[in-house]
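Naming follows writing order (A, B, C, D and E), and every chain is counted from residue 1.
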Amino acid sequence: MNNLLWLVPTLPLVSFLILALAGKHVSRVWVAIIGAGSVSLSAIITLIIGISFLSLPPATGNYSQTLWTWMQVGGFNPKITLFLDALSLIFVFVITFIGALIHIYSVGFMADDKDYSRFFACMNLFVFSMLLLVLADNLLLLYLGWEGVGLCSYLLIGFWYENPANGYAARKAFIITRVGDTAMAIGLFVIFYQFGTLVIPDVLAKAPILWHQGAYMATITALLLLAGGVGKSAQLPLQTWLPDAMAGPSPVSALIHAATMVTAGVYLIARMHVIFQLSPIAQMIVAVIGTATLFIAGLSALTQYDIKRVLAYSTISQIGYMFLALGVGAWTAAIFHFVIHAFFKALLFLAAGAVIEALHHEHNMFKMGGLKNKLPVIFWTFLVGSASLAALPLISAGFYSKDQILWYAWASQSGNPLLWFIALLGAFITALYTTRMMILVFWGEAKTAIGHHPGKLMTVPLIILAFFSLFAGFIELPHNFGHFTLFSNLLHQVLPETVLKAGINTELQFQVLASLSTFGGIYLAYIFYYKQPQRIEKLKQSGFAMNLYFFWFSGWGFDKLYNVLIVKPIVFIANINKNDVVDKLYQGITFVTIRLYQSLSFTQSGSLRWYVMGLVIGAIIILSIQIML
Amino acid sequence: MSGNDFFALTPLLLLAGSSVLIMLLIAIKLSHRVIQLSSLFLFAVAFSSLFFIQKLLPYHIEPLLIMDGFSVFIMGLIIFSSLVVNILSYIYFEEKEDSPKEYYVLLFLCTLGACVLAVSKHFISLFLGLEILTVGLYALIAYLRERHHNIEAGIKYLVLAAFSSAFLLFGMALIYLQTGSMEFSMIARSLTSLQSLSPLFLTGLGMMLVGVGFKLAVVPFHMWTADVYQGAPAPVTAFIATASKGGVFAVLFRFFIMIDGFRFKVVMLILIGIAIASMIIGNLLAVQQKNVKRILAYSSIAHLGYLLVAFMPGSMMSIKAVSFYLIAYFMTTLTAFGIVTILSNKETDAEDIESYKALFWQHPVLACIFSSSLLSLAGIPLTVGFVGKFYILAAGLQAGLWVTALILVISSVIGLYYYLRIITIMFAGQKSILSEEKKANPFFYRVSIIALSVLTLLIIWLGVYPSVVISFMEYFRLK
Amino acid sequence: MKSSISIEMVMLLAGLLFVLGIAGVIIRKNIIFMLLSVEVMLNASGLAFVAAGSRWAQPDGQVMFIFILAMAAAEVSIGLALILQIYHQHKSLDIDKLKEMKG
Amino acid sequence: MDSVFYIAAFVTVISTIMVITRHNPVHALLYLVISLLSLSMIFFLLGAPFAALLEIIIYAGAIMVLFIFVIMLLNLGKETAKQEKEWLKPKVWIGPAILSAILFAELFYLIAIAHAASYNLQTVNPKAVALSLFRPYLIGVELAAMLLMAGVVGAAHIGQHKKMVLHRFLKEEDDTL
Amino acid sequence: MILVYLIGILMGGGLLALMLGQWNKNLSRWIALCALSTGFIALLFFWIDQYRTINIHLSNPWMIDYRHDWIPLFGISFHLGIDGLSLLLLVLTFFLGILAVLCSWNDVKERVGFYYFNLLWILAGISGVFMAMDLFLFYFFWEMMLIPMYFLIGIWGSENRVYAAYKFFIFTQASGLLMLLAIIGLYFIHGRNTGIYTFNYFELLGTAISPGIAFWLMLGFMIAFVVKLPIVPFHTWLPDAHSEAPTAGSLILAGLLLKTGAYGILRFVLPLFPQAARELAPWAMLFGVIGIIYGAILAYSQTDLKRLVAYTSVSHMGFVILGIFAFNELALQGVVMQLVTHAISTGALFIMAGMLKERLHTRDINHMGGLWTEMPQMGAIAMLFAMASLGLPGLGNFIAEFLILVGAFKANVLLTIIATIGLIFSAIYSLRIVQKVFLGPSERQDPVHDFSFREIMVMAALTLSIVWLGLYPQPVINTVKPMINKLEYIFPIENKNTQKENHQATPLNAHQYRVKKQE
């Protein structure tokens, strides 16, 4: 069955080539068919492969198909091989399935856009490179997918290129992710010189032999890979690009900046988990970064007025949870949260897209309101998504995945109470801003009239996604709920078990605490935004609150910090050195020559007496040389 | 004076005889065209006579002259350059002067003087050859009496030349006093007897260097060059730049080879100083010069500096290098000044660099000739100048003169700049539609262009395939 | 007429005359004086030659002196012709009037 | 005998200095003639009677006469003297004087340290000079002839100057002299 | 004999184009085109037939050799010979030559004959440089390619072309003359050691020179190549020459003239002075890295498009020097790849800059903007090549830069890390080009036409080659492998993962370089 594997990435690639080359001459209908069709086809093929993989799992635990040797230079010969095991199966499934849904949605959403074919070409290219990223068997091919994904996010963020702000946001995204990629490239070099190869299975096999636990080299490699992941997944130091990336169309935000690309970091760390396990310090750093990010992003989300920026900060925060899970060693929990998060975040973005389009591209939540009965489908699907985001206990899938992370944050071998407490606080804040968003958008009186209702093509994917956001959680139930852990058994073929601390009391108290924090958050938002809006007015008076508000609004001032620290100096140096100070050196030489010329041509004064004197001086010099020597 | 002597001296006799013959022709009031053609014929005869005396070489005419391979080669060069000057001077003087008759007599005499220099091995013949050359040049420089500064250049050259000849004489007298003989070989014999260098001999040599330095226009004594080159008529400038310097350099070379002057550290130091100074100052003086004649004057100073670099090692390689470079230098300078002659008309010489604007689009052939000669002066491959410069660098480096070679390279880069400046001005501008002014006598105009294009082809051909001349050079051994 | 004049003294005299000639050329502004001073220098070198010839008792010195005379004569004739031309054109023999060519 | 030499040398030097410093060209010329005479005296003492005679006949006789002839032709006398007077201020001639003094010092030093011994001079009679002139140096004589011819032809050409016959609009030259 | 034909075709074609240029303009264009294409096809056939037997005789890299006496007295011979590297660069020369002719098809209006004469003679000079196996002949061709380029910039350039032409000529000529001194010095030292005076590259290879002199001679050679391959202190001629040269001129300047510098180092500096090269290595790598960073920063601040692209090639050439002096197989393969891919990507950017100048009559990117709406095709191609220049994987430049960085990482870790940081800067300036020129609001009134058919063909050829090199670079790597093994043989410092046995870098004498007689 693995000879079908190469079809999965090539279909989006082929459709990209068709649309890019012949985009202009193909009618819009055919563009939609090719664009959305190719991704759906590869989704179906993934299903077939998945079923055959699950029903009769291959002996080696993975399908592998080599297409051709990329290059062969001395000891370095990376091959183009596609490698499918349990982990990448899940990722491929998520990418193709959600990708297909988003493509179908965007057929409706982008219907009246003039660059129709270019949009689908870029989206297909993105799906191809993301698939390549997860199916790569060696790190170089992974790097190719990694950069390809960065390119597509650049192209799609800057899709509406007339407005220079979009262009600026696209460049900011590309450059910041590029910083991470460079660190990762250095990591690749280190790996190559340590192990002599970049093929991931060999690297993971050799790592424990070559390095002892906590080895210096292991930590460095892990940190470099982490830097790469942090860049791509918009974690703490390099997270400023994601909120600006909302300049792109909503399907783009849904697919790239919610479901797939931003989780590439998670995939990388999960894939190279052996190296992280070898250096506990690196793993601890991953956890700390995760926690810090989820807390900061959560608070920033609280203060946003643009609906998409709220969702963007919430994505950063949720990925923070995944990093926390990876940090504490809860590998399967992180991947489980990734799957669930992909569903409800895609749903939220698509629904937000529909809302914005309905209100003639109005992004400000305070100008929306009262959509509850005007857009019923959108309302209900949005409600399901937010419930899952806020992790409403028992019914929403989000509860199961986030609760597991909270539990392991305390119970796992390298978990500790501080991480758990901040994560709990994060859950409370998540519930807070989710409810705030729900109330502002759907309840209260309608401030802007409805443009036109979203068509059938847009609502069907929403409903499917809503279904999954509710029921997907049941494939991984917590221990005390009947021990039904289908998802982690599959993943344990690739990722190690999570080792729990000894003598830990039952999980129930933690679940109760988590639900209490969710309900508390919902209630607080209900009071502030629905019951007594005047409380907010009171808050606005106090200077300290307003300062805090602006501080959180600007994403904890990271943008200003980077601007002052890095961007301003470089631009300043570049501009003062515009015409190349080294050129002054050569202008100096010409100046000296011309000055010499002028002084010498002065000696040619034209008077015969001066020439005779020159002759005599020459004679004197010759004779004096003779005297001296 | 046996029969063989006469036969050996045929070239000199021919030159002297033809000057007298030309005077006879002038006496019977023949037209300028006839005189010019006959002088051309006589030059050709003199040049061919050189081939007849090949079998006699090396022939000593005691005590003054010596006819060996090297002197025949130099005489060939000098007569060849005067032949080219002769061709060029017809159109130049036809326009400016109604009937320039004495010009050809003086030209013969100057060539005679230069040839005597080439063959001399005695102070007297050196002095006489030099004086015939100089006196002849006085009149040639000031030939067009009323026109643009000829007189000024003439008087300047006269006073300075006489001044430097006095120096030369005084130096010779001191050497004669010290060594007791005026013949190079005798001087060499007396030098070998005494180990250390007597101060009297040294001062004599120094004073002679001043005199010779003036004629070669090397740096401390170079100030007259620009004014005389600019003042004198263009063909005469060509003659000064090539034949007169060639003859003087030949005799200096012979003198130093015979007395093996290369072993005296002091003299060598002075020569190195002069060479370096003239290379650098020669090139620097021309950097922003607006007058083409003055640029070529300064570049000839620099080229003499290059020649001295090859001269200093005094090895077999340097003889070949000097001879080859003389060929290259002669041909290129003749072509360059030929172009200046052709382009000058009745009123003005083609001096100012602006008069060469867009030359490439008006007279493509002339512009090609001029740019190839400039590139050869600059030493760019595909031209004989490059092979010459390579030869000199080889000779210099073989003797380990690393510093001078480096300065040669740096100064030739400065030189590159002003050669390129002229070429760029020739390319600038559009093809102006002003009518082609009718040449006074198209026939001679075309003859001179043909002569120059032959020279250019020689420059390119020798640049690409120099081995025929190099093997020919093997033949001119200096005893 | 044997006399034992040391050649050194004669050469010093020749040197002195030579230097006086040089001084003359440099100091004087009038071209005629310049020519005169050049004649003095040539005379000095003639004296040096004759002295050298008499020191080695060879006729070469005097032969050389004769040729110097010939050269001086030729040079003076052309020099004076030039002076006539200059006077004719510039109406003055001041050397500083002949300064057009420079730079 | 040495006293005669020293007197002659003294006279030569003084008269040469006078040549250089006089304002009036005629005076300078006469001083030059005196210095030539005293020089021929020295030649005689050095045992070169033929050279001494030549000096008087050719140099003093012919060349100096030529000079006087030209000065008279251009009647330079008075106004050149006036011109030279205001030109020859100390400021002008100090620099060149120092230069030539340095040169003389160098020459003096170089010649002095040669301390060539004094030899008893034999006279070289004109017969020996004539013999060497026409046997070994015959070619030299012929070349000297060529030299003089060059001088003559050159002087003839340059001396010719066209007398300007000025018509109002037609500038026409005719050839005289 | 094919080698002589190649140079002959070019020179002959040039002369013919000049002759016929006066009568009708487009005849000379066609002559130039068919001269170049015949040469190109001949080379391709030669390459294919060589490629089959490439790995049989891995030990002897020399494919074909042609020798004829020129000046026997000096031991100078007209000696041409090519190995993998020269063959590759020759193919590149003819390929870019065809593109240069195509892209200046109706761009040049006046003096067309002389224009193509210069163009073809530059290419003849460059191919001569790549083939010359005699040091004198190498210098001869090295200078010969200057004069036509000087005329090309000087006559057909834009505003202050004269200044740019001067600067270009004097920079290269001065450094060339220093190289001439080094060549003659080497010639005499070899002559003194072995008695035979010759300029033949193979004999000169084995000369034993004392370290002091060897260092100076090596510096003499290096100065010429470092000025040509612009390394930071000597790079100031490049931006002027590029911004003033006509499109074809800057294409050849960027695509080929810079490569002669790198070729020179690989061919002459490393084999002739192995010990001195090893001493210079850390410094050279430092300058390479400075070049990368400095070039990138300067590229960022430029407003003239061609100057901007010129500075980017300064930055890319910094990688080349870094790779060469890392002395291991990976880096050297990366260097060769960089030479080829940089030529293609910068060449394409220059062609497009030329097209923009022809359409908008300005090179200032502040006056451009929003051209994507009117010219989507050019926008897409420009985006592709901007991505290539910033090293996007899947395109040729990434392979080159990655190999160089991997190779250099072993030699010097710190410098490689700084070089990798340079990659970020390359992203900044490349995206700025696309943003300023194609994206953003368009304030143009007069319509601008997109690609004509001819331009599409040129661009398609370039895109295909850059993508092919990105996805399957093996043919290029195999062609150069023998030559690089030979270099490896000279510099076998302890590289662990190469299987070859290590042995001391003994100087190679002539017979080890057995020249395979081809015809």
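Everything below uses one rule, namely that a residue touches a chain if its C-beta (ideal position, glycine included) is under 8 Å from a C-beta of that chain, and two chains touch if they have at least 3 such contacts.
Predicted model only: the values in this text are computed from it and were never measured.
J.: Need the graph distance between chain A and chain E over the touch network, please.
T.: Shortest path length, in steps: 1.
J.: When every step has to jump to a touching chain, what is the lowest number of steps that links chain B to chain D?
T.: Between chain B and chain D, the shortest chain-hopping route counts 1.
J.: Tell me, which chains sit next to both chain B and chain E?
T.: Touches both chain B and chain E: A.
J.: Which pair, A-C or B-C, has more C-beta contacts?
T.: Of the two interfaces, A-C and B-C, more C-beta pairs touch across B-C.
J.: Closest chain to the protein's overall Cα mean, using per-chain Cα means, please.
T.: E
J.: Hey, how far is the Cα centre of chain B from the one of chain C, in Å?
T.: Going by mean C-alpha positions, chain B sits 27 Å from chain C.
J.: Report, in whole Å, the distance between the mean C-alpha point of chain A and the mean C-alpha point of chain D.
T.: 102
J.: Between chain A and chain B, what is the gap in Å from one C-alpha centre to the other?
T.: 80
J.: If you average the CA atoms of chain C and of chain D, how many Å lie between those two points?
T.: 5
J.: Provide the list of chain A residues touching at least two other chains, using ranges where the numbers run on.
T.: In chain A, residues 601, 604, 606, 608-609, 612-613, 616-617, 619, 623, 626 touch at least two other chains, as defined above.
J.: Considering chain C alone, which of its residues make contact with at least two other chains?
T.: Only 7, 11, 15, 18, 21-22, 25-26, 29, 34-35, 46, 51, 53, 55, 58, 60-61, 63, 67, 71, 74-75, 78, 82-83, 85, 95, 98, 100-103 qualify.
J.: When you check chain D against every other chain, which residues touch at least two of them?
T.: Residues 96, 99-100, 103, 107, 110-111, 114, 116, 137, 140, 144, 147, 150-151, 154-156, 158, 161.
J.: Could you run through all the chain pairs that touch each other?
T.: A-B, A-C, A-D, A-E, B-C, B-D, B-E, C-D
J.: Touching residues of chain D toward chain B in the complex: what are they?
T.: 107, 110-111, 113-114, 116, 136-140, 142-144, 146-147, 149-151, 153-158, 160-162
J.: Using the touch definition from the top, list the residues of chain A that touch chain B in their complex.
T.: These residues of chain A touch chain B: 593-594, 596-597, 600-601, 603-604, 606, 608, 610-612, 614-615, 617-619, 621-623, 625-626, 629.
J.: Which residues of chain A touch chain E once you look at their complex with the stated criterion?
T.: 20, 24, 68-76, 118, 140, 143-144, 147-148, 151, 154-155, 158, 161-164, 167-168, 171, 174-175, 178-179, 182, 185-186, 189, 192-193, 196, 570-571, 573-575, 577-578, 580, 582-583, 585-586
J.: Residues of chain C touching chain D in their complex?
T.: 1-13, 15-24, 26-30, 32-33, 35-37, 39-40, 43, 46-47, 50-51, 53-55, 57-63, 65-67, 69-78, 80-85, 87-88, 92-94
J.: In their complex, what parts of chain C are in touch with chain A?
T.: So the residues of chain C touching chain A come out as 22, 25-26, 29, 34, 95-96, 98-103.
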